[in-house]
Amino acid sequence: MDMLYNILIDPFVQMVDAPDFLIQVVWEGFVAGVLYALIALGFVLIYKASGVFNFAQGIMVVFAGLSLVGLHQKGVPAWLALILAIGIMAILAVCIEKFVMRPLVGQPDIILLMATIGMTYFLIGLGEVIFGGEPKQMITSELGLPTGSTAFEMGERGLVILQHIDIAAAVIALLMVGGLAVFFNRTRIGRALRAVADDHTAALSVGISLNQIWAIVWFAAGIVALATGIMWGARSDVSFALEIVALKALPVLILGGFTSIPGAIIGGLIIGIGEKVGEIYWGGLVGGGIESWLAYVIALVFLLFRPQGLFGEKIIERI
Amino acid sequence: MNVLVKPTGMQADGETAPGEVLLRIDSVSLSFGGVRAITNISFDIIKGEVRAIIGPNGAGKTSMLNVINGFYHPQEGTITWRGKVRRKMKPYEAASHGIARTFQNVALFKGMTTLDNIMTGRGLKMHSGFLWQCLRVGPALREEIEHRRKVEEIIDFLEIQAIRKTPVGRLPYGLQKRVELARALAMEPELLLLDEPMAGMNLEEKEDMSRFILDVNQQFGTTIALIEHDMGVVMDLSDRVVVLDYGRKIADGPPEEVQANQDVIDAYLGVSH
Amino acid sequence: MRMKTLLAGSVLMGLAASFAAPAVAEDSVYIQLPTYRTGPYAGSGIHIANGMSDYLAMINERDGGVNGVKIAFDECETGYDTQKGVECYEQAKAKNTLVFNPWSTGITLQVIPKSSVDKIPVLSMAYGLSAAADGNTFPWVFNPPDTYWDGLSAIIKYIGEQEGGMEGLKGKKIGYIFLDAGYGREPIPLLDNLAQKYGFEVLQYPVPGKEMQNQASQWLSIRRDRPDYVVMWGWGAMNPTAIKEAVKNRFDMSKFIGVWWAGGDEDARAGGTGAKGYKSVSFNNVGADYPALQDIKKLVVDAGKSHTPASTIGENLYNRGVVNALYMVEGIRTAQEMTGKKVINAEDMRLGLENLKIDEARLEAIGLKGMIAPIEITCANHSGHHPLFIQEWDGEKWTSATDWFSPLTEEVTPILMQASKDYATSNAPWPTRDDACPAN
Amino acid sequence: MFYREAGQYKTTYAADQQIFPIRQDRIGIGVILVLALLLPLVASEFMLSAIAIPFLILALATIGLNILTGYAGQLSLGTGAFMGVGAYSCYKLVTIFPEVNVIVHILLSGVFAAAAGVVFGLPSLRIKGLYLAVTTLAAQFFLEWCFIRISWLYNYNASGAIEVPGREFFGTLITGPAAGGTTRYYVVLAIVVVMTLLIKNLIRGRIGRQWMMIRDMDIAAELMGVRPLVAKLSAFAVSSYVCGVAGAMFVFFYLGASEPAVFSITLSFQVLFMAIIGGLGSLVGSFFGAAFIWILPILLRVGLPALGVDIAAETVFQVAQMVIGALIIFFLIVEPHGLARLWAIGKEKLRVWPFPYA
């Protein structure tokens, strides 16, 4: 009975008791969700255009962040380091397209997935050789990003603290999604992208250059990775440990669907908020630390009821 | 072609005698979320006959086959199999009732050899336990060899000895279709459903395939329901023909009769409804 | 094609050569240093590795080795990964290392059972299995100068003092945020014991290894539960993230105390000015003004024989690496004196470590007086419960917040002996020591 | 030339259905087995303990994954956790029933892993492909969490680790720190060879064919009478069983002690790589893959400095990682079906030599 009370009633009592705390928890979940969503966004971009499940998105985030900070440490001014980091992502995109994607065109999904895991290994090694393995601090203030925080008092003891960098992260994520939506729907390249996503061969036959499209998409994913790297780096540090956190993008994609940009955002927020609320209000019942798997279980339960994802259409099997 | 062929060779253990109704479809309707695929269709298949289902593209022929072997479940109507009304069932149960089929787009197991593909057809008839199979001695080995013998008979029958150990992915299309037929035959079905067995074949291959279908029907006494577009083939092979159009039945009867039916001619020539 | 054969051939030959024991020159001994300059824990590991190898290099440069015996050493990268660690151990064993410093609790736990069979001493300086301090059960394992349990008891003692004596702990809430692995979980039994004894409440906040950089939940919970103090058992990327989160959640940093491994300069620096007041327990002082460190700077770093950035000499973790190397060097020296041999082997090294005694005079001679407290290892006690102190981050560097003080040895010893007994029973038949320690 | 089956007639189906129908193959495998048996005579302790033993164990784990992913077509990223279930069950069994032979425990521990596999395999009935990968990730992280959180699993050990006690097998110490490398090697070799043989039999029989049917064309398989529930879950069970046994062996014969971090996602990926590089759906490929992923980095790490290339230990480590990554991509480009396919192509070429076609 006690157990039931602890599961079904007590958490909600706590929520009502300390609404400021609930707001803070949801806000933290929201910010984590935005970052998950940004990683997932990178996945979606590439999946849409090439059907590749890009496992390397996580390491691209680290690599982009490292390039930026590493260059700055070597004495390059922040603004130049940012431009150079973008340049590095562009070079990386071209290389990936030329040395990985092009030779593997038409291979089954799992092979492409493996290739991106191979890329992950390669990039981890490369990043460490160039920039060293130690975590680096993000050059937040040098980039002109806000660093302070604002506290809102609520009631007698209530307090909600909002970090400016988190607000900036949310705004930047919003801008990126908006930008990408415009890019996809309003530009010539965007149209070509969608054509490629539907059918590679058909797109080729109407004269769309697959190679060019892929390089552009990987570059776009690289930019998203850079933004993610900056934001996440500002929250903790830029280090290779981030790569594992990036796995969280998987359940996000399951919820949102592999091809939907709004899906990635909404999925990210559900996972982010869900796991924070779950951990804080229910995690203690089983000893805490459930955050490491809660997201996957949420996604799993969801899948069992809706195998096609949040925004997917019902699958009709044909023979 | 005589409907009352005396079955020889392999015979399914059905209690349905030749000439009786093996399967009856009664006012079956099927729709996918509002889209009607099949509307109120009834027909029957008699034990031992070759039954053709024809119709223009999108007429609901393949859906009909899917209904027969339990892959789709019609919203309305009943299916009577060997005199008993069939309840809603899983596809794999249909297989154990003695219904085998081939597919419009070859659905072979691409990673296996011809031999293994045909052996899969024997799966339902193999019963040795897990541990025996691990050890591959005693019943497991006996069973493998016994069924291999059956499979070799089918391989001989369809003249595909040379490709026995070739992975099916490497075979030309015509041969793949033949292996698929072999696989279905390996199940020793009572009712064999063929979904466009001759699609995409050249004349020679079509002739071969037609010969095999007739042989199967006559030697093994297997009841056959086939979908085919080549009218010549249909007229030559089948005992009775059912014609579908837009998910409705528009004709049913012996080939000559159907050929003369005005609705059928309209459907094929595309007279507006 | 010929190129390939040639290459393959030479790789094989090289391999054959490397698997064989290295041709140790007459007057040198070999030590393998398992390190991690990559992976999520590299942020802490790099400084340790630098400190260790620089000190050994300095001894070779300045003194021509230990009593004329050069120390040949190389690093083996473990990436803090247990699998790789075991591989390094096997490699070290094949190359006849004198001593093995796992630098990871996980790897230490792996090699403890092997060490007594392979007769290689394991030096796990203030980490690894606390129970290994019992020299009667673990003749081959050394964990000076203190075990985790000593560290935890020292922190509790310090908190007690802040509250006006141990009675002041009654009714207090102490949060324990830890890396959710063997390392972080080991202190929990003692923490529970102390909580019962002194009447404080313990709140646990486990941080999964994968989520080291994502500690928002833990810190939100801390904010909700409002513990009076928070004790941290963190390592690698967990530390800077925790300190940042603490700052963000406006936790009173003076009430936030880490174990010695949560005391890296970069860990605290990550918190910016807000991290001022953060504390960690320590067994070595910071600063580069010690003569030995100056020698390292002059003879090794400035001479271009090391990749250590000169600015990191004197930082907490760097100095700790130096301490670890110091133990090894002094162990060799003691072994030489005891056996009368110049080139000692691993068994001699064990003897040397077991009789290791570094007093003020010795520290003075080495040039590290004041950096560490004098230490003494005995046959029965491989750790020593040596004095510790609390250091405080002043926004730029670590400063001493207290004098050296002893941990709650009387609390630690029983639980330690019990754990050692449990270990031996659960791993029966556990090899007994062939030469029992004299009863004090 | 020398590799030709001309003149080797099969007069029974049994002869035609044996594992190595070609005489030269039989000779070859015999030679390899003899060499494997003789290896301890020439190999150093390091080669046995750090290379040969883990290689064999990981090859077995790869076979386990291959059953699921290669033969039954269900992608899994949870291998490491299933290995962990095996290891922890084995530890519990050994400590609860110390008098029973440890080999029995190791073989039994797979049963628990199989049970875990079936539970986490249930979603595979509704979920396919990459989506299933997320399910197995859930298994991975959840089980990993259990290994840390359920202290009963490691007998409330303060360090949270499990240590392998010494156990004898007919008078010889085979586990624990005091067991010699050679003894452990022979035990591992025996288990791996026997299990590989059993699995080979399973795969070429009815059950194996059912798995491949599901993999190649699940709908057709179902229409041919395969029950997806039975086929998929049996694949999960057998796969997890093999992985569980491999996990128990990994701790008992290789690591000697273990903490939860050993069975992390990294191990899952490692084994997955072995399966892919070796070739999905090939047992010999599992051995190739394990050799490639396990031995190559060691060669690089030990070999580069030995060649006189003077670089820091961590750089070797990092370069080795880059090389592995690049080679994975390279092999996927050259032959997406893995080393096993290259091997098969080589054999085929040899059979028709000196002509390009048969």
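Going in written order, the chains are labelled A, B, C and D, and every chain counts its residues from 1.
In this section, contacts are C-beta pairs under 8 Å (C-beta built on N, C-alpha and C of every residue); 3 or more make two chains touch, one makes a residue touch a chain.
If you're wondering where the values come from, they're calculated on a predicted model, not measured in any experiment.
Undergrad: Starting at chain B, how many touch steps does it take at minimum to reach chain C?
TA: Graph distance in the chain contact network comes out at 2.
Undergrad: Between chain pairs A-C and C-D, which one is joined by a greater number of C-beta pairs in contact?
TA: Of A-C and C-D, more C-beta pairs in contact link C-D.
Undergrad: Counting only Cα atoms for the centres, state how far chain C is from chain D in Å.
TA: Centre-to-centre distance between chain C and chain D: 36 Å.
Undergrad: Calculate how many whole Å lie between the centre of chain B and the centre of chain D, each centre taken as the average of the chain's C-alpha atoms.
TA: Using C-alpha averages as centres, the distance is 41 Å.
Undergrad: Indicate the whole-number Å distance between the mean C-alpha point of chain A and the mean C-alpha point of chain D.
TA: Roughly 33 Å, centre to centre.
Undergrad: Give me the residue numbers in chain A that touch at least two other chains, ranges are fine.
TA: In chain A, the residues touching two or more other chains are 128, 133, 244, 247, 287, 289, 292, 319.
Undergrad: Do you know which chain B residues sit against two or more other chains?
TA: Residues 71, 103, 107 of chain B touch two or more partner chains.
Undergrad: Would you mind listing the residues of chain C that make contact with two or more other chains?
TA: Residues 36-38, 180, 206, 208, 210 of chain C touch two or more partner chains.
Undergrad: Within their complex, state which residues of chain C touch chain A.
TA: Answer in residue numbers: 36-40, 42-43, 46, 180, 204-208, 210-218, 220-221, 223-224, 236-237, 240-241, 244, 248-250, 266, 269-270.
Undergrad: Which residues of chain D touch chain A in the complex?
TA: Within the complex, chain D contacts chain A at residues 75, 123, 126-127, 129-131, 133-135, 137-138, 141-142, 144-145, 148-149, 219-220, 223, 265, 269, 272-273, 276, 280, 314-315, 318-329, 332-333, 336.
Undergrad: If you look only at chain A, which of its residues touch chain D in the complex?
TA: 53, 99-100, 103-104, 107-111, 113-115, 117-126, 128-129, 133, 244, 247, 250-251, 254, 258, 286-287, 289-290, 292-293, 296-297, 299-300, 303-304, 307, 317, 319
Undergrad: Please output the residues of chain A touching chain C within their complex, sorted ascending.
TA: Against chain C, chain A makes touches at 18, 21, 24-25, 28-29, 31-32, 128, 132-135, 137, 149, 151, 161, 163, 232, 235-237, 239-242, 244-245, 247, 275-276, 279-280, 283-284, 287-289, 291-292.
Undergrad: Show which residues of chain D lie in contact with chain B when the two form their complex.
TA: For chain D paired with chain B, touching residues are 12-14, 17, 198-199, 201-202, 204-207, 209-210, 212-213, 215-217, 219-228, 234, 281.
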